[in-house]
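Next come the structures, one after another.
Look for subunit A in each of the two complexes below; its partner is subunit B in the first and subunit C in the second.
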Partner chain A sequence: MSEYIELKNVTYNYPLTKRPSLDSVNCHFEEGKVYGIIGENASGKTTLCNLVRGLIPFFYNGELEGEVLIDGKDVREWDEAELSVKIGYVFQNPFTQISGVKDTVFEEVGIGIENLGMPKEEMIQKIIEVCRLLKIEELIQKNPLELSGGQCQRVSFASIIAMDSKIIVIDEPTSQLDPEGTKDVFEIIQLLKEAHKTIILVEHKVDLIAKYCDEVVVMSKGTVVMQGSTHEVLSSDRLFEYGAPIPQAAILGHRMTEAGKRLDRIPITNEEAVELIRKRGGNEVWQSN
Partner chain B sequence: MAIELKDVSFSYPNGYLANEHLNLTINQGEKVGIIGQNGAGKTTAVKLMNRLNKPTEGDVIIDGINTKDKTTAQIAKYVGYVFQNPDDQIFNQTVKDEVRYMLKKSRMDPKLIKEKSDRALELTGLIDSKRKNPFDLPLPTRKFLTIAAVIATDPKYIILDEPTAGLDIRGIEVLEKLMDTLTAEGMGVITITHDMEFVARNFDRIVVMAHKNIIMDSTAQEVFARNDIIEDARIKKPEIALIAEVLGIREEILFVDELVDLLP
Partner chain C sequence: MDNEKFIDSFRGYQTTGNWLMDLNPLTKLNIALATGFISMLVRDWKFGIVVCVIYFLIAAYVKKLKGFTKSFMAAFVVLGLFTVFVRLISNRGEGNVVFSILGWNWTDVALQKGFDMAFFIVGFAGPIILFFLTTPMKDLTYACEKKGVSATVSYVILVSFKTITELGKSASTILDSQKSRGIETDGNVFVRIKALLPIISPLALSAISYTEEKTIAMDARAFSVTTPHTHLRELKPSAGYEKWLGLFFDLLLVGTVVIKIMGII
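== the complex of A and B ==
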């Protein structure tokens, strides 16, 4: 399996800051996998995204040490424009992403591909296709600045998906969304996964990370403290120590252990919890009530 | 003492009807969670409470006073609103100035300004960030700053629009403690949220909105027991409730410890 992105001993300070935002970070992202990045606030998740996406060092200056290899080539050697097509970035605050120069959602969704010089007919087809995928067809004539938080988030997602990047970095896409909108976003992530995109997703809703991600990276105080398969990481009680979010199913598993009612393993999804509780037996206790 | 919405409807200038015949009373010292899908009319409804939205029909009564002839600025002393997006609210160069801005405008005694703003920063965990530029702070911290700026003004009621968005576990703990402190002091706390674990843990009273109106107003236990309401409002039960349901447990379980106790 080819290493798509690799960070080797990376330390980074934003300009005029004394403490590094990233401190000796080592991690890797392989092609076609979905990665969930979790950790407490200010643990370096967004900075890691900025780095992978090339916003560091191209937009933010600051001091960067160590190696950031993208397809084997250091980020500092990449052409900025080329990198921005290869790696798409959905911002944390959707209002930051909306360009403010387009009058309709339709044009906003097309802003990236327009800049790539895509032929007009092809561009229109692409925009329609993406708007359908993200269920924002009804919004296409609206002004992007008039949208609600949730709608805005979908539009910013759409403009990135239209670019067809190989790697998509997504910073908390669901923070403004209701459960249904959240489910839609994760369905899109699933579709992107099926299209062999590499996805790097920062997300607090760990119950959904448990369901959709292949691997999880845990950050704490500017560094990567855990990286491994989703099950291995999310079932670990070390997450408590790092202030990282823990799936409700895993909390249930840990509490069962503390109460002397240990399950075969710590579950990370509801389905797994149900299966393990059933397997443990004694269900007749409540079913007879 | 209460905020009362009496048969209130609201249409946007473009004619879009966002709330229809709302009736709701929220008392001082009450902690109320408002839930419902995006577009259900939650934010529009709470903005009616402080006249950021002016009702097209009906009356909004605050502590017995009809707000019809009052300005938004007059109402802001009673009902503080914390925006969903902190960047819609912040404009000062330092955390300290942001929190003190409204107090200075009201020409309060400087000693009192310091006292009130420091307390607000203390409650929101920002006291050590006084000299920082708000825009150098991460989004969740900026959110706490906007909460601090509103509580410094000592409103009778505070509206928090999606305060948990983007918060980590520690941030949510600070928020929960803050809401408890405020309600204990008699402030009414009205919170819009999509986080159902947070809802189950914190609110004695939950208002469910759908189709521009209120479809249920009750306790968490009762709301989450109603599958028809859950479906109609397109909300989701807390994860533990979903696990308990699949296991065939008839009791309404909302918390991990309840389920652990019940399991053999």
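== the complex of A and C ==
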């Protein structure tokens, strides 16, 4: 089955709230693709993650209407524990994702697979493998409570990746990190992509979405207003209307169109913009300076 | 330690090399509680001194003498001497006067009762202090998990202990920064409380949102999975004689209770 997760007309209210945080949401996520979710603040991105991850309805009560199908089965019929293993979750705050009970990074990375009951030797091999993959070998003897934000975030990815979830939901993993930490996180996302994981990524840094995602979902005021291929969505001028972040290159493209200097298409990455401008302007644009 | 060796350390059992330290945490707890109750039941300062000497010898044997002395003395001074004092004040009538201060006559009976009481307290506190000095919390929860306590319960216990110490640390960090901004934080209790008040609410608030996020994060680490969990860090399964050792102390306790009931002590 290629239709992995499907939301049909989903409306959701957190307990004791009047306005729904998700309002008639329709969207779908297929196996092995990387999805970027963008939208203004409070548009419901985290709520959508909570839903896909099964935290709604298992952790947050509230009113859930419509259908949430995961592998064709409604989320309400899934076993909570099974879902927590099938779908990994990494989020914003690097420090709250550290268990706080393990003395070394090595043990911290193993916490999930311990709970899965993996035999010890297999567990050791798995941790070594994941630490090597995520380049945290030099940290394994460190106390997890003494790591920097970027290191913490890599360690939380490692404990999730060790569990081998098919789908990984990642909610603003870099919003508390510096540029170097951000780069490391996206290296990890690239690795997950190469391992054919299904990734659902909420991220404000839209230039990175443009670079790494196959499809983009745009949310506004609690509903999904656009879903499509990354290029199609990010080059659309409707993003302005929804208050969603827009790539620098696309803004440039739109401005050029307004100024009557239309490019072949609206670029979404800087490289693409350079290429299109080069094509359009001929050589004089570049030779004049 | 290089990484190879460090990783290898997980392949075997976690030991300290000291048989007393390496006893199963639950056996240790059993012995500590039994000993504590016995010295409470006996409640005699002479017996108290003897067991306390033994506690110190054990502390020295497991190389925890410094830590033990610190905690033991704190318990002795704060709880023990305080009760001696209370006894002295309340028992001024009976017995022969030993000495008098400010018109109070302190008698030998009062002194003896006071010391009995003091050793009653440290006689119990001693083995408990020894237990916690020789048993990391994670070893105790590990042993409990092996007895069927769920990983979630043991996680909550462990993380609560850690959180309390971490909150203490962040409180002192904030106090320090307040101090450097010229806010008075030292001095009498009221000055301290006044300095602490404004930081308590943000700390409490951050602790709440911290709990929710932590729950979500740990749920993502398969804590709700109910298949038997495995452990990267394993303790030695308890040796056969450990059961007898625990039983021996339990019997001693029962014996003491019987003697006590019969009125021999």
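Following the convention adopted for this analysis, the second predicted complex is superposed on the first by the 281 of 289 C-alpha atoms of A that agree within 3 Å, B and C clash if a C-alpha of one lies under 4 Å from a C-alpha of the other, contacts with A are read in each partner's own complex, and residues count from 1 in each chain.
The rule is simple: contacts are C-beta pairs under 8 Å (C-beta built on N, C-alpha and C of every residue); 3 or more make two chains touch, one makes a residue touch a chain.
The model shown is predicted, which means the values in this text are computed figures rather than measured ones.
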item: Which superposed partner A:9 touches (first subunit B, second subunit C, both, neither); value: neither
item: Which of subunit B and subunit C A:123 touches, first, second, both or neither; value: second
item: Subunit B versus subunit C as contact partner of A:112, first or second or both or neither; value: second
item: First, second, both or neither for A:273, with subunit B first and subunit C second; value: first
item: Contacts of A:55 with subunit B and subunit C, given as first, second, both or neither; value: second
item: First (subunit B), second (subunit C), both or neither touched by A:88; value: second
item: Which of subunit B and subunit C A:149 touches, first, second, both or neither; value: first
item: Contacts of A:99 with subunit B and subunit C, given as first, second, both or neither; value: second
item: Set of subunit A residues, in rising order, touched by both subunit B and subunit C; value: 93
item: Complex interface listing, subunit A residues touching subunit C; value: 53, 55, 59, 80-81, 84-85, 88-91, 93, 96-97, 99-101, 103-104, 106-107, 110-121, 123-124, 127-128, 137, 140-141, 145, 156, 159-160, 163
item: Subunit A partner contacts - residues on subunit B that touch it in the complex; value: 36-39, 43, 84-85, 87, 138-141, 162, 165-171, 194, 196-197, 234-236, 238-240, 242-243, 246-251, 256-257, 259-264
item: Touching residues (chain side subunit A, partner subunit B) in the complex; value: 39-42, 46, 92-93, 95, 148-151, 172, 175-182, 204, 207, 243-245, 247-249, 251-252, 255-256, 259, 261, 270, 273-274, 277-278, 280-283, 285-287, 289
item: Sites on subunit C touched by subunit A in the complex; value: 1, 3, 6-7, 10-11, 138, 151, 155, 158-159, 162-163, 166, 210, 213-234
